[in-house]
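Multiple structures are listed underneath, in structure tokens.
One chain, subunit A, links the two complexes that follow: it is found with subunit B in the first and with subunit C in the second.
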Partner chain A sequence: MNGWALFGPELFVFGAALVFLALCLVKSPSPRRDFMVALSLAALVVVAGLAALKAQGTLFAEAYRVDLFSQVFKVLLALGLFLVICLCSRLNGVEARHHPEFYLLLFICTLAMMLLSSAVHLLSIYIALELSSYSLYVLVSLRRARQMAMEASLKFFLVGITASAVMLLGLALLYGATGAVTVHELARILPGAADRPLVQVGLMLTLCGFFFKLAVFPFHVWAPDVYQGAAHPATAFIATASKIGAVAVLVRLAAASEESGTYLAHALVALSILSMTVGNLAAIAQKDLKRMFAYSSIAQAGYVLIGILSMSPDGYAAAIFYCLALLVMKFTGFLVLVAVAFDGANIEIAELAGLHRRSPLLAMALMTSLFSLAGIPPTIGFTGKFLIFNAAIAQGHLPLVLIAMVNVVISLYYYLMVVKAAYLLEPALDPPPMQLPAAVNVLAVALVAFMVVFGVYPQAFIEMARFAAAALLK
Partner chain B sequence: MAGIPFGHVLALSGILVALGVACATARRNLIMILLGVEIMLNGASIAFAAAALRWQQLEGQAFVLFIIAIAAAEVSVGLALIVHLYHRTGSLDPEKFNMLK
Partner chain C sequence: MEFSNFPYLTAILLSCVFGLLIILFLPDEKKQAIKQISAVFSGLTLVLSLVVFCTYDTGRAGLQFAERVTWVPSLGISYFNAADGFSLPMILLTGIVFFTGVLTMRELELRVKEFYALYFLLVTGVFGLFMSFDLFFIFIWYDVSLFPMYLLIAVWGSTRKEYGAMKLTLYLLAGSALILPAIIYLHVAAGGTSFDITALMRPGTFSPFQQKLAFLLLFIGFGILAGVWPFHTWSPVGHVAAPTAVSMVHAGVLMKIGAFGVLRVAIFLCPEGWKFWAPLMATLAVIGIVYGALAALSQTDLKFVVGYSSVSHMGIVGLGLSTLTVDGLNGAVFQMFAHGIMTALFFSAIGYIYDRTHTKMIPELGGLSRVMPKASGYFILAALTGIGVPCLASFWGELVVFIAAFKTYPVAGVSAVGALVIGALFMLRVVQRAFYGPMQAKFAHLADIPFHLGIPRMILAAVIVFFGLFPSVLFDVIDSAAVPFMRGLP
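Now for the complex of A and B:
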């Protein structure tokens, strides 16, 4: 297969971004036109991703590796982009003249994440990570409520550049200590050099950049403010698609350094416990729905880390599967949020009161997504957590899994508070039933069906995740 | 490698990064915070240049060139943000921005 075909999905996303660059230059704003163009291009990105699923090879002087692992992540990213653009049909939170820029940045960020999932050279990993971060900083600041958005963007930016500078220092130390510049060279050299302090410090600092993306404990401080300050679809994108790229590269690095002893695993265990606990405890106190989602996603990042730190093919497969589950579960939550907050403003959890009478379908979608996030059977979230915990126990991380179980119980409390608001609380004023477009209803039904059906029959996706993880270790 | 041992250059880059961290955390001015992070990036660049010499590879130097370009992009995004905030609020003090909580 020649190089251009291997690079197909990325080139297509790049072309789509150029279309929006051209639309940015058109004087008359037309939100409807922008939305239809974005939706059809995103659908084509999914098709392009699926068409390239079996592609295999290396590009750009071994700096870029296309294998089943990266292609699966690219399909997930394309799916995330498509779903997020489905949320943009009204896009009230962003001024009409900024819509083309909004889509431009979404496509650029997806492109960067796709590059990240295939990057195997330290330099290409760094550049892809920065590209995705910079587009997100601007994306966050585009909200109509400018004061709030600018503050969120500023906090995101300051934490982000600090994390990336720390990561760069880590890369420098790693390179200085080993002379390896690709992930495969690292995998070859690390087992013999893992006990050297320079390598250990370098590896840990390098991971900081990805912890920032994933909002893992020491670098989680941006998440609540950014979730609250960004426009709803931008938040949905940050919560779903932007985590996937970080997981991809973390799994790749973990697979490369898995023989470098237990030191890395121990550090990851500590971070995972802290993320879960901090995220879950802080989420209990939140009133704003998006801030609650932010803390919940910090906790979910902790669960993903458990899969990665198991450092076994089963662990990686579980992490990949859980990525897919998280994408669908979190997105369903945001679908409800966007439908309820129709004017683009933030809503408090208490404002969900009476949702079950205003729109029974949305209330059910919200309940399924929250139960799935909490890990209640028979949902895909339960299956994902089961796979992750199973893989961790097989590697002897029983205490960690017990702590994670305690955290699952804590998280159940605040998820149920939201369900209670939607089902049991009565609003002070009786709001009229919601008029939802048919497309939203269809999407909600499809997502609920996905979460339940593939929670009971996950075999196909587990197989896919296993093959992807196997491609990684080849 | 000729003359300067790797460890010495690493110490220099460590000092630069530490200065950058100090500047980024201690100063209460957005532009100085941005400058502090830039100094951290330069510290990492020196470590890359030294490592390139140590391993006699060009990759490390390529890293440095890319870091310079990326740092420029970072500053342009950051300054655009900071200038816009300054126009709206008339302040560069990060503690003034505490609306979200």
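Now for the complex of A and C:
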């Protein structure tokens, strides 16, 4: 297949970003126009991603690999972008004159994530990762509540560049020890070199860059402040789409170092347990809804790691499936958040009081997404966790799974506190029923249906994830 | 896809699901319509369960009414429903308690639509669990039947409802935190190609060590829901906090899910583990019987009395399961059924009394039988059943379990019977203090149960008496599963 077609979705996203670059130069702000343009372009990105689903080949002197694995991730990213832009119809948290920049950064970041999911050269992985990080640093700072946003952005930046520096050091060590520059060379050389400390350290440090993206302990410290400080759609993007790219590249690296995996697996087991436990325990104490989401996503990253550290095709397939599940579940939570916090300000969990009367549909959507995040059947979150645990136990990680299940119970506590706020608490002042645009209602129904239907009958997506994982190992 | 004939079991599930969907699409204000729709669909499930129960062929061992649809072939998950002698009494029990529960809640005014929607969801899970022979689906149904509980108790409950709801949900989820790894562990140990219980229960599938490990996880996991001592503390608190119909389903059916899970999953798949851990099961069961009976003595809240006596009665079920005999299994399943109907009647009677007097405190009630002879009568009938009076259903279950226990664990058997006798004495004292003695003047104007509200209680009372007089109707059904199962063990 020729190179242009292989690179199609990326080129399309790049073109869309250029459109917004041009719109940045237009003097008169027009939020409505910007939103419609962004929405239609994002829809086209999804179409482009789907059209290129079956593409296969390599580009740029084997530095860029297009296979089913990367294409599935690109579709997920496109979907994430589209959903996040759906949240932007009233972008109250960002000043109107900054809207084109906001969309520009969203598209650039998506582009970077797409590059990340296909990159197999260590340097192109690094560059793609940095591109996505830098666009997010700026994205976070674009908020009306300037003080909070700047603080969050700075914190994000400082943790981010530290993680990058560590990662660069790891890449250098890895290169010094093995001379490998692509993931495939690594996969070839690692089995023979796995017991050398230099390789182990290099590999571990390299992964730190992705742990930062995924907010895995101990690189999670940025998450609560950034989630709280960024505008709601930006937080939604960080929570959903930006995690997907990191998972893609982590899975790729894990698959490459599978043969030498014992040390790596041990380290990942420890990180996974710490992430789940720290995230879940800290989430209990949160009052701000977005901070709660931040800690919960630290814990969710721990579950994803379990799939990756199983180092088996089933484990990778489970991680891919869980990515899809996380995308939908978290997004549903943010949909409710954006609808309730109509003025773009942060809300506390207690402010959800009376939601079941103001909008029964949103209350139900919130409850489904929270139960799904907690992993209660019949939702897609349960199916994802089930696949992950299945893969882990097949590799002999029964104690780890028991610890993860204890964490599930802990997490249920704070999810139930949110459900309680939405269903039980009555607000002091009686707020009027919410006037929601029909599109939001349709979207909420679609998301709930998606979570339940594919939780009960997940066959299609399980097959997709298995094929994607198989493509990875070819 | 494979259906023996008309898929009765799926029809039961579907009538719950259709009922749920119709309720969801009715507007909030149409309370009367919602209640009628609920009654119709729950009545339909009762009729279907009766049909299944009556057309079951006790002369033929093995599964009947089997329905199987491949679900996720790559993992070996199939939608596999069937009925055997163990599950049939449970299906009938669920049908009866579901229908009577709906009728009991006719006076509900608060958030009616949500209540019935969640209630239907809960019962769908319960039915599904009793029918399913696929481990994956058993786990799904288990959780489907749990998570509506939180809202049902927290919104419509009483007496520390939020605390009770949270405690119950977390305890039961902790149970599922042990069950899920155990199920996956067994699935993987058998080669990772099947979740089908009938395939996995072939002798030699699992090594003795695997069986012991998995049995322990499953026993504790399901045991939490069955109210096994020392994991029972959620149960009295939850019963007390829950609204009437939910208490009925909860104590009547949901706790049976736990015991049934131990039987269907743990004992079926891990017979070696069963033999190994049976002494532990018996010990915990007897402690539960004695502890529950003694704790019930010191309660002043009627619902707490029933809650703790439930712990005691579920101990009898556990004791039956631990004897490793046909009689033990027969008695345990019979006791599950009888206890389910009995507690439903208990809570149904208390629910009416509480609605009228606004108290459940025994000292405040005094002499209630003169004001509400019928309501008191239902409570007293349930109390007599619990004590084990002959000609009432529970008697047979307890008798058979104790005979089996005397043979296997003489000490345990004696102490359990002793506890039951003490418990009986004090249950009679509760009856005496709450329903006899001087009448409270402030309750004198209250009306007794009118006919239309009495229907569900009459049904429950009739079932208790019927199976007390004709226990063989139920024993024949259970026996048709217990005998082949025990013979098939190595």
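One rule holds for everything that comes next: the second predicted complex is superposed on the first by the 473 of 474 C-alpha atoms of A that agree within 3 Å, B and C clash if a C-alpha of one lies under 4 Å from a C-alpha of the other, contacts with A are read in each partner's own complex, and residues count from 1 in each chain.
Everything that follows uses one rule, which is that a residue touches a chain if its C-beta (ideal position, glycine included) is under 8 Å from a C-beta of that chain, and two chains touch if they have at least 3 such contacts.
The shown structure was predicted, so the numbers you read here are calculated from the model rather than taken from an experiment.
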Touching partner for A:V138 - first (subunit B), second (subunit C), both, neither: first
Subunit B versus subunit C as contact partner of A:F35, first or second or both or neither: neither
First, second, both or neither for A:V408, with subunit B first and subunit C second: second
Which of subunit B and subunit C A:L171 touches, first, second, both or neither: first
Touched partner set for A:K420, first subunit B, second subunit C, both or neither: second
Touched partner set for A:D225, first subunit B, second subunit C, both or neither: first
Subunit B versus subunit C as contact partner of A:L158, first or second or both or neither: first
First, second, both or neither for A:F210, with subunit B first and subunit C second: neither
Residues of subunit A at both interfaces, subunit B in one complex, subunit C in the other: none
Contact footprint of subunit C on subunit A as seen in their complex: 356, 371, 376-378, 382, 386, 389-390, 393-394, 398, 401-402, 405-406, 408-409, 412-413, 416, 419-420, 423-424, 456-459, 462-463, 466
Subunit B partner contacts - residues on subunit A that touch it in the complex: 122-123, 126-127, 130, 134, 137-138, 141, 146-148, 150-155, 157-158, 161-162, 165-166, 168-169, 171-173, 175-176, 179, 181, 224-225, 228-229
Subunit A partner contacts - residues on subunit C that touch it in the complex: 71-75, 114, 136, 139-140, 143-144, 146-147, 150-151, 154-155, 162, 166, 169-170, 173-174, 176-178, 180-181, 184-185, 187-188, 192
Interfacial residue positions of subunit B with respect to subunit A in the complex: 6, 10, 13, 17, 20, 24, 30, 33-34, 37, 40-41, 43-45, 47-48, 50-51, 54-55, 57, 59-60, 62-63, 66-67, 70, 73-74, 77-78, 81-82, 84-85, 88, 94, 97-101
